[in-house]
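Two complexes follow with subunit A in common, the first pairing it with subunit B and the second with subunit C.
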Partner chain A sequence: MEDTGIGLWGVPLAILAGAIRVSTPFIFVSLGESMTERSGRINLGLEGTLVFGAMTAYAVAVMTGSPWLGVLAAMAAGAVFGLIHGWICKFPKVNDIAIGIAMMQFGLGLAFFLGKSFIQPVAPRLPSIPLGGWSDLPQIQSALNINVLFVIGALLAVALWWAFRNTRVGLILRVVGDSSDAARAMGLNPDTVRLLATAAGGSFAAVGGAYLSLYYPGSWNEGISSGQGLMAVALVIFARWNPIGCFLAALLFGGAGALGPALQSVGVTQGYYLFYAAPYVLTLAILVATSSPTRSLAGAPGALSITK
Partner chain B sequence: MTIEANTPSLSQLSASNGNVRPILEWIARRAEPVAISLGAILAGLALFSIFIAVVGKSPIELFKLMYTGGFGSWFSIQNSLSRAAPLLLTALCVALPARLGLVIIGGEGAVVLGGVAAAAAALPLTGSVSPIIVLPVMAIAGMLMGGIWIGMAGLLRHYRGVNETIASLLLAYIAIALMNHVIEGPLRDPASLNKPSTAPLPPEYLLGNIPGMDVNWGLVIGILACILSWILIEATSFGFAARIAGGNVRAAQIQGLPVGRLIVGFTALAGSFAGLAGMIEVAAVQGSANASLAAGYGYTGILVAFLARHNPLAVIPVAILLGGIDASGGLIQRRMGLPDATVLVLQGTLFVVILLCETLYGRFKIFNPDLWKTPALKGGTV
Partner chain C sequence: MTKFLPMNRRSFLQTTAAGAAAFGLAPSLITTPAAAQTALTVGFIYVGPKDDYGYNQAHAEGAAVIKAMSGVTVVEEENVPETVDVQKTMESMINLDGAGLIFPTSFGYFDPHMLAIAEKYPDMQFRHCGGLWQEGKNPVNTGSYFGYIGQGQFLNGITAGYASKSKKIGFVAAKPIPQVLQNINSFLLGARSVDPTITCQVIFTGEWSLAVKEAEATNALIDQGADVITCHVDSPKVVVETAAGRGAFVCGYHANQSPLAPEKYLTGAEWAWGNVYTKFVTEAQAGTPLGNFVRGGLKDGFVKMSPLGPGVSDEARTKFEATHAEMMTGNFAVYKGPIKDNKGGDVVMAGQTLAEDAIELESMAYLVEGVIGSTS
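What follows is the complex of A and B.
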């Protein structure tokens, strides 16, 4: 590799770096949502959970000085949001999609309300691992400066993939998700399993929010999320409820999100705002390409309302 | 759902013991949604009061201010009505597809693009063409654009099986990016420095106020749209077919109803209402298309529609109520030192509680004449 600048190579490098940086919230939200959806319920409210998690993590990190305590607090808050969602959905005639929309608005409102006083102070950031030390190029060094949460997310994806297939808990989750009746016949209570799966999904989503406020972009404000929580729901469908698929899809989305800034850095400014739409267009295109009006999706949990 | 199916026929009514019973039954069946909705709103307000008390403020003072700011004076009533006007149209964007069983939450995108389309259609015509022609052209452009945008979600739903909730929301994000592109690029008025906008409309091309009020014509248009939508759903065969398809798609298909055309037609109509809201924002409030179009009317409209249980006539009072709550936000912020997000917390609480209360339907004996002590009018023994 020559030292004489990297020219247009900067674009794919910036996209790769962006993919790693931007994808972490997607990874956590989609892993959480894949657990919830595997149990046969959909939580559309993760956008609210994500933003509330971002606020909680930031506030706790400011007050205690420890970003990790912030992450823990966000997980607890996210679990509470998931418990509320799961508890409400337990009642007959309640629509889980509508409740998700309501919880999203509630979570956003509450986060903006409680987070008002934390817009000014600066919180300590989460640490990252400099994996690019072997290179002399500052671009590569910064691109491979990988946050700990990204690594944890990657490991979690593999762990969940393994657990879905090979553990008792994974089997219970899949049975409940495929057929409430079969689960009841096995002596399982589907509502309880879904309640716990939604709570776990909420706490994962809140970690995604903590990454936003404590690492990248690394501040708390009311525009912190640009729909990551919602796109992650679409992403889970694309990934066919497979955790490793979720991880790869999250990288793809992160890369799409980094396209605009990367092109701008090499002087392409035409249609800059259109590149902001890239992740959404990509999501929509993937949904269109992978959905079908006549059959339910391959690998879809049977009890999931969204695929019917 | 099956109110009509349970209602006794006329011959049964005349055979009943006295004239009071049928009237009572009629009232009981229709009182259920009103009573449960009001109960849910009260429960939501109670929860919200607890929250306000926990953060150390007086809920009573808050509700007083909310009343003063929303409906306490002629000035605040006009303010509330102005804020309700776009909500009427964006709520229809949710309520109409909901009758078909679709959850559309991307009305914000149709508002934004409807506004941009209206501005883009008007700008080449201003100066040479009379406002009497330009304003309808703007309305048509806004409605077409909004209709195409939300109709696309319906189209994808029916022909590709794409979930309409997620698709409509993604379309909303794409719409906002498109708007930013247009107002920062091709249609940007070079004179708009800090806040990129299209060139302002000359004053004679603006939609004026209702005579005697400081409220623009958008309110009248919104109320008319609600009434027309109600007639469409309740009194036309098109609306009847939509309600059947919303209840059971298979049954509708077996009956030979054109489910695909119904879905695309309803979503397009819904989107055109939201697009019209965008046009009114441009023609009556902003005077140009700019980022203020994405003010969240599309999202508040979701709440209005759900509170109104997707009944277009009920949308009118609910939109005015939420317009009032919205209007009081500033006063609460100034007098009580609460953040402006207080209104959002209240809206979110109401939304969650109202959906939770859906579970109460059919649980109260008093609303179900079939369970009254004397059996209902089913022709059996008394």
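What follows is the complex of A and C.
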């Protein structure tokens, strides 16, 4: 009778599987935000964009029967949210953090309002790639069912990391983010660059939302995100604005989040509230360990309002 | 705090009557007591969306039943947090909508929120779902109602006991409060009535609605070999879809989730709140006192079972139907001693039987032997 369970091996497996399953929204939101912040702006509204993206993707998938159309629609909606944020922030004396919080509330409210009638219908899901066929264990097969969006997220992280360093677009983004004056002297318009970077960031975040509603957990309701968008924005700082760092931090977060249920499933049942706090304790510990009293955050864009 | 609109049900009725008469609108509706039903506005407060395939949907289906009653106006508000927000919602239902009877349906609304508002508005009636109303301690214009859905979970357990091949079943639970613990225990006892070697693994998510964590918990249970899953969270949709997606059988809770997993859905324990709300509203309209402590089970029409799914064997069906029939006579007790808790202590003595309405069941703080999990 014990042969169907995998005992203590369930814990590392769940952390691995959790890292793959839970991390994708974090990956997309934090990659999007790293682009926006590299251009010198902070968009705290991505939680709202994430939830609105989840709703849009689900609604479009229900109506058209195609999850990929849902993802595209979410990208478009996310870009619109980013454009609104970027457009408002170009006016003088507008605080991007305050606008971000307003956009977050706006996105949540609008998603709840428009998504009311889509809580019950069941949408088609995004496909996944079964990479666990080599194993006889159904647990491993299930853990290695990797969603296409996760793969795209991983590739995007590398692509962005490379592009920030080696392309003209990456250079423009970094110049604008480090010094508006230098950018103007080069003949660049910082507002336009930031507008586009915020739109692209919003579009990424909405893809994260589409993953939530169309793959895992794969259902639309108003509590679908419960703060993942906000955590992902914090992850960018944690990852020092490095796209590959964002990807790894998202994996770490996903895995740590799976720890609580996995430990309970193998019989470690005491203190689960403490285990559920694991991701946050981990973040605090790493931030404290890597901080320094003598220098500012390494890699922080100079024009970012929080580092000024 | 000051009452900015000092209006109670009586003055509301007077103003409505005056208004109706002034506009020449069917005065008979209010002024002839013998013929027509008294006008009554009933407020429903939900903690989540009312089409969640779960707890809130079950209440909203009940509210829809009384909407059809004559003289009844229903006001509803969704997504009200269990904070001071619910007090504001209740006050606005009383002062702006003229509600005379309010059903705050979520567990956390009871203490202190509903109790505080009830003391402030002694002429209003408040009935809370799931709380433990205590005479002498809680205001007389409040009360609590609940269904003995543990019986439903016992029946769920019977179908699970027959369907499980691994002899391990799983339960995704929100918080370790008495009602949840009772459902977990009843589910296992039902399964053990089929095969006493069955164990039930429980995972607490810590919140009533956390979609990602519920999906993780379901996956973790199945990774550990559980092949029938049920849950007690606000919306079982994610658990049902995730479990069925992994090939496990599921038992439903709160409402009928069989459309989400038609092949894998065995049965489910559902609320039948329509009957309960009809009774309260009829009493309120007739002017008779509403019960303060209202409870009922399958036989009272408070709880019902989903139709059996295709995964239920003939053998299971026979036992399910026999037990269901016995419950309908009122002679069936889920908790028959001796029962030990999962730490080895005696919780129900040999020879002791706790009927469904035994008050000690409502303060249950243990998990029975065979449940793998902890209440803290």
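Keep in mind that, in the parts below, the second predicted complex is superposed on the first by the 289 of 308 C-alpha atoms of A that agree within 3 Å, B and C clash if a C-alpha of one lies under 4 Å from a C-alpha of the other, contacts with A are read in each partner's own complex, and residues count from 1 in each chain.
What we mean here is this: a contact is a pair of C-beta atoms (placed from the backbone, for glycine too) under 8 Å apart; a residue touches a chain by one contact, two chains touch by 3 or more.
Note that the structure is a prediction, hence the values are computed from the model and not measured.
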{"item": "Clash-or-fit label for the pair subunit B, subunit C on subunit A", "value": "clash"}
{"item": "Partner chain(s) touched by A:294 [first = subunit B, second = subunit C, both, neither]", "value": "first"}
{"item": "Which of subunit B and subunit C A:186 touches, first, second, both or neither", "value": "neither"}
{"item": "First, second, both or neither for A:169, with subunit B first and subunit C second", "value": "neither"}
{"item": "Which of subunit B and subunit C A:97 touches, first, second, both or neither", "value": "first"}
{"item": "Touched partner set for A:216, first subunit B, second subunit C, both or neither", "value": "second"}
{"item": "Partner chain(s) touched by A:158 [first = subunit B, second = subunit C, both, neither]", "value": "neither"}
{"item": "Contacts of A:273 with subunit B and subunit C, given as first, second, both or neither", "value": "both"}
{"item": "Subunit B versus subunit C as contact partner of A:119, first or second or both or neither", "value": "second"}
{"item": "First (subunit B), second (subunit C), both or neither touched by A:129", "value": "neither"}
{"item": "Colliding stretch - subunit C into subunit B, listed as 60-68, 78-86 or 258-266", "value": "78-86"}
{"item": "Overlap of subunit C and subunit B interfaces on subunit A (superposed complexes)", "value": "112, 116, 226, 271-273, 276"}
{"item": "Residues on subunit A engaged by subunit B in the complex (per definition of touch)", "value": "44, 84, 88, 91-95, 97-99, 101-103, 105-110, 112-113, 116, 226-227, 230-231, 233-234, 237, 271-274, 276-277, 280-281, 283-284, 287-288, 291-294, 306-307"}
{"item": "Contacting residues of subunit B [partner subunit A, same complex]", "value": "103, 105, 156, 158-163, 165-167, 169-171, 173-174, 177-178, 180-181, 184-185, 299, 302-303, 306, 338-349, 351-352, 354-356, 358-359, 361"}
{"item": "Complex interface listing, subunit C residues touching subunit A", "value": "48-49, 51-53, 79, 165-168, 197, 201-207, 209-217, 219-225, 227, 235, 237-238, 241-242, 246-247, 259-260, 372-374, 376"}
{"item": "Subunit A residues within the subunit C interface of the complex", "value": "1-2, 4-7, 10, 13-14, 17-18, 21-22, 112, 116, 119-120, 122, 138-139, 142-143, 212, 216-219, 221-224, 226, 228, 257-258, 260-262, 264-267, 269-273, 276"}
